[in-house]
Amino acid sequence: MKVSIIGASGYGGLELIRLLTHHPHFHLESLHTSSMAGVPIGAESNHLAHLPYILEEIDPEKIAKTADIVFLATPTGISKELAPSFHDLGVKLIDLSGDLRLKKTGEYEKWYKGASAPAKILNEAVYGLSEWNQKEIEKASVIANPGCYPTATLLGLAPLFMEGLAITSDIIVDAKSGVSGAGKSPTAVTHFSDMNDNFKIYKVHQHQHIPEIEQQLGEWAGEIDPVSFNTHLVPMTRGIMATMYVKLKRKTTTHELLDLYKTAYENQPFVRIQPEAHFPCTKQVYGSNFCDIGVAFDERTNKATIVSVIDNLMKGAAGQAVQNANILIGADPSAGLMQAPLYP
Amino acid sequence: MKVSIIGASGYGGLELIRLLTHHPHFHLESLHTSSMAGVPIGAESNHLAHLPYILEEIDPEKIAKTADIVFLATPTGISKELAPSFHDLGVKLIDLSGDLRLKKTGEYEKWYKGASAPAKILNEAVYGLSEWNQKEIEKASVIANPGCYPTATLLGLAPLFMEGLAITSDIIVDAKSGVSGAGKSPTAVTHFSDMNDNFKIYKVHQHQHIPEIEQQLGEWAGEIDPVSFNTHLVPMTRGIMATMYVKLKRKTTTHELLDLYKTAYENQPFVRIQPEAHFPCTKQVYGSNFCDIGVAFDERTNKATIVSVIDNLMKGAAGQAVQNANILIGADPSAGLMQAPLYP
Amino acid sequence: MKVSIIGASGYGGLELIRLLTHHPHFHLESLHTSSMAGVPIGAESNHLAHLPYILEEIDPEKIAKTADIVFLATPTGISKELAPSFHDLGVKLIDLSGDLRLKKTGEYEKWYKGASAPAKILNEAVYGLSEWNQKEIEKASVIANPGCYPTATLLGLAPLFMEGLAITSDIIVDAKSGVSGAGKSPTAVTHFSDMNDNFKIYKVHQHQHIPEIEQQLGEWAGEIDPVSFNTHLVPMTRGIMATMYVKLKRKTTTHELLDLYKTAYENQPFVRIQPEAHFPCTKQVYGSNFCDIGVAFDERTNKATIVSVIDNLMKGAAGQAVQNANILIGADPSAGLMQAPLYP
Amino acid sequence: MKVSIIGASGYGGLELIRLLTHHPHFHLESLHTSSMAGVPIGAESNHLAHLPYILEEIDPEKIAKTADIVFLATPTGISKELAPSFHDLGVKLIDLSGDLRLKKTGEYEKWYKGASAPAKILNEAVYGLSEWNQKEIEKASVIANPGCYPTATLLGLAPLFMEGLAITSDIIVDAKSGVSGAGKSPTAVTHFSDMNDNFKIYKVHQHQHIPEIEQQLGEWAGEIDPVSFNTHLVPMTRGIMATMYVKLKRKTTTHELLDLYKTAYENQPFVRIQPEAHFPCTKQVYGSNFCDIGVAFDERTNKATIVSVIDNLMKGAAGQAVQNANILIGADPSAGLMQAPLYP
């Protein structure tokens, strides 16, 4: 299968290149950007100096002639413009941006402050939470790849919701991310001297991943109260941890919760449940597609603490996108993705 | 006033040295450690090579002859042994450890896994949350300096409790700390190659600062449900952020909350309330005694998010200890402590 | 003495504010910037939220009415425009930029790629290497505050040159700096995700501090061959280490070299010579005005290795500027500058 | 081919596991440690929780029955004990420690402070600098895998030596390493709070890699003066940069030097020469087996600056070991090693 990447020079695009140049089923056909056509990828990104690709401009008609699947690693706001063209040309699409995720009218406008994608493409788009939507992904022509925070959050909460154990009010998700989640453009917030040895909170009550999380939880639970969700920047490059506080419908034990989680993910190669009394750190998934989850029931408060970690650029972006591409072509979801995390 | 530091070579002790060698009212008389008597402080800690002190052994009788106030910067478990001797010798004490903070029988044993300090010294000990216990601190002979997490948490929650606005159930405190909070002894958890570019959660549901927080909140509120409190390690040296989620007894606005906070702290030199829609980062208090607080009311969830940051070694340890010493001698609480944070 | 800071919102300016708001002899009268007049300093830089200053525009005539000394913490290229006006108005000047340092015609043009300052002001400017030019600084009306790299380098080499022990060819200075040396403006080089966990070399053979170093060494030695000088960026905020390799005119020992260094700096409060077999790290001077120096003679190669560390924003910029201001007014050079480094 | 790793739980061993579980030619048969036999590798190292291996004890006779090649990732001092047994049992050996590298009598004793390996095994051992000793490696039964610093240094200097262009006196190698080079055991030097935001120099004039570098340079040049070599710790996990200063026998240009380097490495997949005026940073090889080299001729000093970067755990240890294993079995040296660096 031939694949092309649009937005190849961003962090998501670069990570896709890393994965797709060593993939057993996909051939990386071409790389595209809006602004640096003609530049060798190795000149733009020195770590890729051994690769022969030249960045090309974004010409859907031309790309459609050689690519079976296109990855849109473009910023939010761009995908919604490009997706319909590719879709009309019969190319399968995996969009890593937030443009195609929100289904409910008005939600995109409210949280992303702009016009949403056309209804036609939105209706086609399948939410690509690989572990839980596999059946739909297999038949999709357009995949809305989940956001980084929603991936960590939803994989962490899913077993409680599937079991009907979670009380759907008063859910608290306190999320922390490495700085690469803020993208490649230098800003005052991501300036090294300011961000180093610093811990920041941002977009308090306002992160655009809130409706995405609530949409999926709502689908699972029927209905759900608004979720308290805050995001922080950690002085590290990669990694997300979501620390989640959930009231349960009945008393339980950590042991019982762990059994529930292990059963829920027993056939999933990328979700690793921690042993009792152990909790994951972000480094143990660094550079990999794993999502590691730790669980404990707090007998004092009758709440469960769920701790979920991913690499935001892998399971939270490019890794899950390739996992979805694998599912799309009927391959093993883990094809080309089982590299061990880079440690230390 | 002459002061001495016991446990001078730990991180809390070193920070006390930094503050007390340039203090308008205190003369730093001597430094003491259990294991390195005879070693110049500058040999033990190169950054202090310009200071003339030689570390001395811990001999309460001898120390009592020259010191008016003693700072115990010893580890938890040591202070409870030393405090009674100094107290009997008539020396005023400021204990930075957790040994003298918990009043309720059985709490220390449960959370610290050891025998508590003698009742007599515990009854003497005043909880040194400077901004809220000033009257008692003024008259104290023994001060239990608050823990780092409790300081950030309690200063952040106090105005809501004083106003009676907080619902005292379902309080969530998600706390993050720089690694210096783990002390000076090398461990696998604090090994650079493991901790760098990593974010960890630890002591889930089990941090010994939980009862300290609940004890003070309980005093303010009369009664309080157990608090959900989790702690994380951030790959940075200094700084604590507590992100707190609190249900309120009535609808309110961010503006109204901010007024409440500004009023509560208007005469306090070290608590700085952020403007509306702004939230503090840990670096803005780096190396200083400030506690910066941001507040927002979330209309979607009807909860308040309170964000409180301190430098764990300053306002969370040595800085507040000196602030308490100032109060103890009737000086301006801010004497010798108004240095600006180190930025960047 | 009343002082004002021009360029108050840059890293050098912010550090001057930190030092001058707690100085025994100087009163910080006003803060000036080119672009943010009217903004409270605490809104521009949150860590200074407790200070009452409002940023003002740069009006030399107005400033000259209230300020006895002006610190120019403006970028290179701006100082040369401002300095003559202040000088003509009779204000004493301390310029932290590179504009007034190079005396030889053509050097500034070659290394800084622009027209040099007017000859008149250049002739007035005294090079403010505090430890070695104190006599001239005392009488100066304009001080060219040394660059960060030259400070670390020259303090490290001076005793060898004073003693006539250094061979003045084949000197190698391999210098490393924290990222704050690159200033406050976000760039691709200083973007956190790129700079974190990274070590970079930059301006190979081309750093503008080369002629400044050679000018001073040449003054001391009469003549000197070009110095090999390279600069690197370390993923940390503050600190410079210069590792220097120098051939000596005769065989010697580490012990003898250390005696030479200790004697050279015995009356200097800010230069601390390490004991034999010990070498400084940058953190031991963090946030302070110290320059710590380690020395070893390599019997295998007959070269000396000199290791010199400073905080680039302190001894390498604002700290030395205040030290020079102290000298200028006849005060103790260390007034207001003896704070211990921040450790850890 | 079946392979086993001795010392599997150290940083070198863990990196070998990462590479050998996804290698086209090798099957990773077993993992061995001295102290944790019986523990699942995923319990010892959480990032490998998806792997089924149980750590086993080190029993050469038993290992020799199933392994064709053994990787010794044991600390220096252990390999010399183990290597003879494996060799006698007919197993091919790749030793990542320093035990088998130094040929000259007395050198090991002098620099490593202990008895050297037996002469018999030393005589067998081929120095595994893959790019330059390929012919000998192909026929070897024992490979002494180069040290991390020597790899970066020698790959950077080789073209100058091969061409006979370098003057072999006054060579300066100023080397910097990430902290993982110091291994997995927590120490005061590698304690996060001390190492973070810090830059250190260590083993001044005394690093045990000096004789290894001089031995190889001497082989290339016939004779060589002692090299000035110093090592520093950078607050990052992985990466080495060697900044080298070399006098040349004649005037040249950067352009000519680059041609020389490009020619020298034109058939080597892992050495990437930077374009003129560009220099590598460590991050551009992070997690990969590349060695990136930048070169410039300094017309002012008539010296060349050579900048060489590697990932110390990859090209500086496990990656080069696998490259050597590839060569040993007659496979493409790059088999299983062409993953792109992890960026950012």
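Lettered A, B, C and D in written order, each chain numbered from 1.
Note that a contact is a pair of C-beta atoms (placed from the backbone, for glycine too) under 8 Å apart; a residue touches a chain by one contact, two chains touch by 3 or more.
This structure is a prediction, so every number in the text was calculated from the model and none was measured.
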A-D or A-C - the one linked by more C-beta pairs in contact: A-D
Of all other chains, the one whose Cα centre sits farthest from subunit B: D
Rounded Å distance between subunit A and subunit D, as computed from the means of their C-alpha atoms: 36
Inter-chain centre distance, subunit A versus subunit C - centres from mean C-alpha coordinates, in Å: 46
Residues of subunit D touching at least two other chains: 11, 178, 180, 184, 193, 196-197, 235-238, 281, 283, 286, 344
Subunit B residues touching subunit C - in the complex, by the definition given at the top: 11, 14, 17-18, 21-22, 43, 45-51, 180, 184, 196-197, 237-238, 269, 272, 274-275, 278, 280-281, 283-288, 290, 292, 338-344
Subunit D residues within the subunit C interface of the complex: 170, 172, 174, 176, 178, 193-194, 196-202, 204-205, 225-228, 230, 232, 234-239, 241, 243, 245, 247, 279, 281-283, 286, 294, 296, 298, 300-301, 303, 305, 307, 309, 344
Of subunit C, residues touching subunit A in the complex: 11, 178-180, 182, 184-188, 190-193, 195-197, 235-237
